[in-house]
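The following blocks contain the structures, represented as structure tokens.
Here chain A shows up in two complexes: once beside chain B, once beside chain C.
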Partner chain A sequence: MATALGPAPGTGADALRRGTTARLRWRTGFDRWVGYLLPLLFLVALVPIAYLVYFVSAKALPGLSWAVLTSSADYQIHDALGVPIVTTFLFMLLATAIAVAIGVLGGVAAAEFLPERSAGWMRMSANMLVGMPSVIIGYFGYFAFVLYFHWGLSFLAGVVTLAFFMSPYVFRTVDLAFSSIPRPIREAAFGSGARPVQYLLRVGTPIAFPQILTGVFLAMAIGVGETAPIVLTVEPGLLVPTGAFQPAVFTTYLIWTGFNQPPGDVAYTLAFQAAFLVIVVVLALNVVVRVVAARYRQRLEGLYQ
Partner chain B sequence: MTEPPDPATGTGPEPVPPPAAAPPARRGWLRSLGRAVPYLPAAAPAAIVVAVAITLLLASGFHNFGWDFFGLKFNSDQGVWGVGVLIVGSFLTAVPALVLSMLLGLGIAIASTTYLPRALARVLDPTVDLLAGIPSVVYGIWAFVAVAPWFGRVLNPWLASHLAFVPGFAANSISPSSEGVGLPIAIFVLTLMALPITTLLIRDALRSVPRDLWESGLALGATRWEVVRRVALRHGRRGVWSAAFLGFGRAIGETVAVAMVIGAVDKLPSNAYDSTWTMAAFMFQELDAAFGSSRYLELLAELGLVLLAITFAVNLIGRRLVAHLYAEEVAGL
Partner chain C sequence: MSAALDGGPVLQVRGLTVRAERRTLLDRIDLDFPARSLTAVIGASGCGKTTFVRTLNRMVELTPGLTVSGSIRYHGQDIYDRGVDPVLVRRRIGMVFQRPTVFPMSVFENAAFGLRVAHEPEAEIDRSVTDALARAGLWDEVKDELDRPALALSGGQQQRLCIARALAVHPSVLLLDEPTSALDPIATQRVETTMRHLKEELVLILVTHNVGQAARVSDRVAFLSAGRLIEQGPTAEMLERPRDPLTQQFVSGRFA
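For the complex of A and B:
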């Protein structure tokens, strides 16, 4: 068995063990048993995630049909997910657009135009924002947008709060993508007379693009599963919002309101169906992130060897 | 690319001739303005952080609740709000969850870096990262519907009968009506949610230990366990500490999943299986209740400031410890 550390005890260690003390036998034996037992800890991660996906699927799939997904009926009475799905799509479209605008501009500026010291501060605050509990962001949205800006519990307040929540993830990946462009490439571009904007558009962006994309998908995966910022800033609506100040319903809101209802209740059924959809979307986005990241790495290796 | 002049002969590369006509110098203030422009977008995350803090400060109205604010008496009907109950609740869930997820994280990271074949580790590592992708509210509904009843029926009584000698764990105090919600299931969910962070950071810390150190340890006759325990973990101790801080930050700020399984009762738990409340979950669930009571809203905002201060401090320390580590992998945390 070749491990990260080379050959396991067995070849050399066997030779050592002949005619050795009990102490050495205990040490190598302990090491071997640790090697057998520690990998079992992966089950602590594997079993819950498998059980979670299985349980939610088993609860959601029997009742889930195309009719349920597209029905625009009242979700408080009927098993209908059309309105929440379309509304969530609108939420994500607008929030992602704002978060990408903030994150891409900020990340590029921090990586390319700011002195290292200032950029470090900006990175630190992006990290702080990522570490901030979602309920705090929700309260910020509630006090700032809902109350002080008089937007009310509205679609717009939720979109902006969600965008603020997602933006540091985009910021960090974009910053990282542009910071990690090899120096020779940068110098070649500027050395051949490129202006900063030309460098950014013709050289930097093509190289950094896949990584920027992973950042955007990551932010979407985090945004689509978020509950607190939306529940605290938006009034759940029965229709797809057509204006900025209208009520709107986010998919995770259905999970939050239905989880403790009696089984068989519409809210309970909807909660599991919504949870299933969210899992599917989040896992799909995560897979895309991994695939793009892996391809990007291969491309990078091919380019700079 | 310029080469240094050869000191022996004194000849270097051809000196670059100065440009024939220098471009007209822009005016000074315009240039410094141009240099300041990038700060505007780059400061967006910093601006949001500051805006959050200022908004909460304004919302708190700088109201002085006095020392009662941190007291343990809580009764919203009588207007007695001691959030000490919630702070205790937060720590009672976050600290055990952190300890568990650090132990598991250490074990998984050591297994992955030291004992498993590379190919197998490459397959298994992403499964732990997947845990980070599951949304909080999905953990919550799964834990509440699928796992909590099992906790109430099996695990809590088992713990009660086997740990009866530990204060607070005695068997006679499990409330049968709780259906498993309470501290243990909250700790379980938080452990799972903190696990990807702790595992990732510890794994990274162990990976960054120079190969020479591993090899010299092994060459001296140490077993793999002894090298990990005495060399690698010591070398990567900053990473391990940062895992603890960042994992704690995640655990104490976790909102929705905890709100679903903690039981949401504004009192101290009377035993290890009892319901209680945490700061984040309380804020999340009580905003509706605060409607129309400006005093209550101020209290919630001040509670938010306390939670913000705690997570801020914890994250700052944790990030500082791994300041060099701003890698792609960590971008997801």
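For the complex of A and C:
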């Protein structure tokens, strides 16, 4: 045994000491340097984000008050974010609902019901959509919903385009979440006489749920920061929409139109305040994702042993 | 039903062949499983033991790309007939896997799973779960923590919970695919005791790579090699006086 593997490793006290050959020295040195480097890389990633948050907050926070957040006054004249906030909330609520419906149905179909070949096509399309610049999705929405369906530049066209933009993210996590359930667990459910839907609802969903929720929140975080799918399909409105074909304003529209206005202009202030809100929401969604994922991972501990 | 009452086999396997794209995984297997018996299926790794038991309750259909031919009769009814619902087959012919496969729910709900998906009434569920946990030899250990998550149980307890889950639906046949290979000796002993009790009431088919285990619990032994049934018979005969040189070699190697 020892001969085949070369000399037996030392068993005395010196077996625990650092190696002294050149090669070992180099390796320990390298390990140490990587140890120094990693925090540095972390800083490289962190600094731009920290600076961005500081830069935006510095311009947004001084004027940002409860009154600004809740005022439903005309945002073209006043520092008033009430209408964009409520409208964005509506946009996200409806678009998320549609995206979740499409993504969950598609993901479950791909993971559980469709033959491998069709599932493969669905996965490829979803990957392509995820890699697609959002402006192309925006144009698609414009041609399909605004023009072809005659919905005009409307709230509905924006909601559906945004949902279309978000759904592949949901699809991918749902598909992955159900596909990665350990095979024996799935087979045990079927072996106990479960029908596919019973397996999905009673066993699959509790296991896949945290991952699905993560995907939905990430899709929301991506959607809430999008601009192109909305500006190309919705006419900016001054009021919260009360019907499908009305104009409506998405928060990022304020950023898109305001940031290059002269400082001191209401539009300029609004742009930074809107950006600040979007950043806060995106960060909050990411925190929620982490908390949820950690909580459930604990609960499912041992399932993948 | 009538076949079993007549004393015929509960399960009758004839000319069972399973093919993958390029290979034959099981080759024309004929085997009977009489009522109230424990048959051990032994053989080298990769000889087709798992594939074999998975054909017995149509679990094999969950693996795409395999084709099954021949017949498997359960009380005279071919389970692969068109018009036979594989879900109902699996409720009569239950299965326990190599590793514990508890679901992320309470101990009680795990044991009740098969009854819930079969829409049994609540009173029946309570009764059957208690009974199944007792028969699986787990009741005394878990009776005070039925609401705890099953994932908190030890591996041996989880495996017996899986046996209880399979028993709760009152199957007539239980397939066990190396149920103790992930367990320590004491947990293994408990599961073996459970199996010895269970064979008084149902048909057990136990895949094991452990000839000692086959000797301890089984009435009959079937030896597979490279997808063929080489030899089968009463346990004592098979392990002490095997006729086929392949069986001799395997058995003596494993006992040593």
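Going forward, the second predicted complex is superposed on the first by the 252 of 305 C-alpha atoms of A that agree within 3 Å, B and C clash if a C-alpha of one lies under 4 Å from a C-alpha of the other, contacts with A are read in each partner's own complex, and residues count from 1 in each chain.
As a working rule, contacts are C-beta pairs under 8 Å (C-beta built on N, C-alpha and C of every residue); 3 or more make two chains touch, one makes a residue touch a chain.
As the structure is a computational prediction, the values presented were derived from the model and not from experiment.
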item	value
Which of chain B and chain C A:G193 touches, first, second, both or neither	second
First (chain B), second (chain C), both or neither touched by A:E116	second
Touched partner set for A:I77, first chain B, second chain C, both or neither	neither
Touching partner for A:A22 - first (chain B), second (chain C), both, neither	neither
Partner contacting more residues of chain A (chain B vs chain C)	B
Which superposed partner A:P206 touches (first chain B, second chain C, both, neither)	second
Doubly contacted residues of chain A, that is, touched by chain B and again by chain C	187, 191
Parts of chain B lying in touch with chain A, wherever the complex brings them together	1, 38-46, 48-49, 51-52, 55-56, 58-59, 104, 107-108, 110-111, 113-118, 121, 124, 126-128, 130-131, 133-142, 144-146, 192, 195, 199, 214-215, 218, 221, 223-227, 246, 249-250, 252-256, 260, 280, 283-284, 287, 300-301, 304, 307-308, 311-312, 314-316, 318-319, 326-328, 331-333
Interfacial residue positions of chain A with respect to chain C in the complex	115-116, 182, 184-195, 198, 202-203, 206-207, 299-303, 305
Chain A to chain B touching residues, read off their complex	1-6, 8-9, 16, 27-28, 30-31, 34-35, 38-39, 41-42, 44-46, 48-49, 51-52, 55-56, 59, 102-103, 105-110, 112-114, 118-119, 121-140, 142-144, 147-148, 164, 167-169, 171-173, 176, 187, 191, 211, 215, 218, 221, 224-228, 231-232, 252, 255-256, 259-260, 271-272, 275, 278-279, 282-283, 286, 290, 293
Chain A partner contacts - residues on chain C that touch it in the complex	57, 59, 62, 64, 87-88, 90-91, 94-95, 97-99, 101-105, 113-114, 116-118, 149, 151-152, 155, 162, 165-166, 169
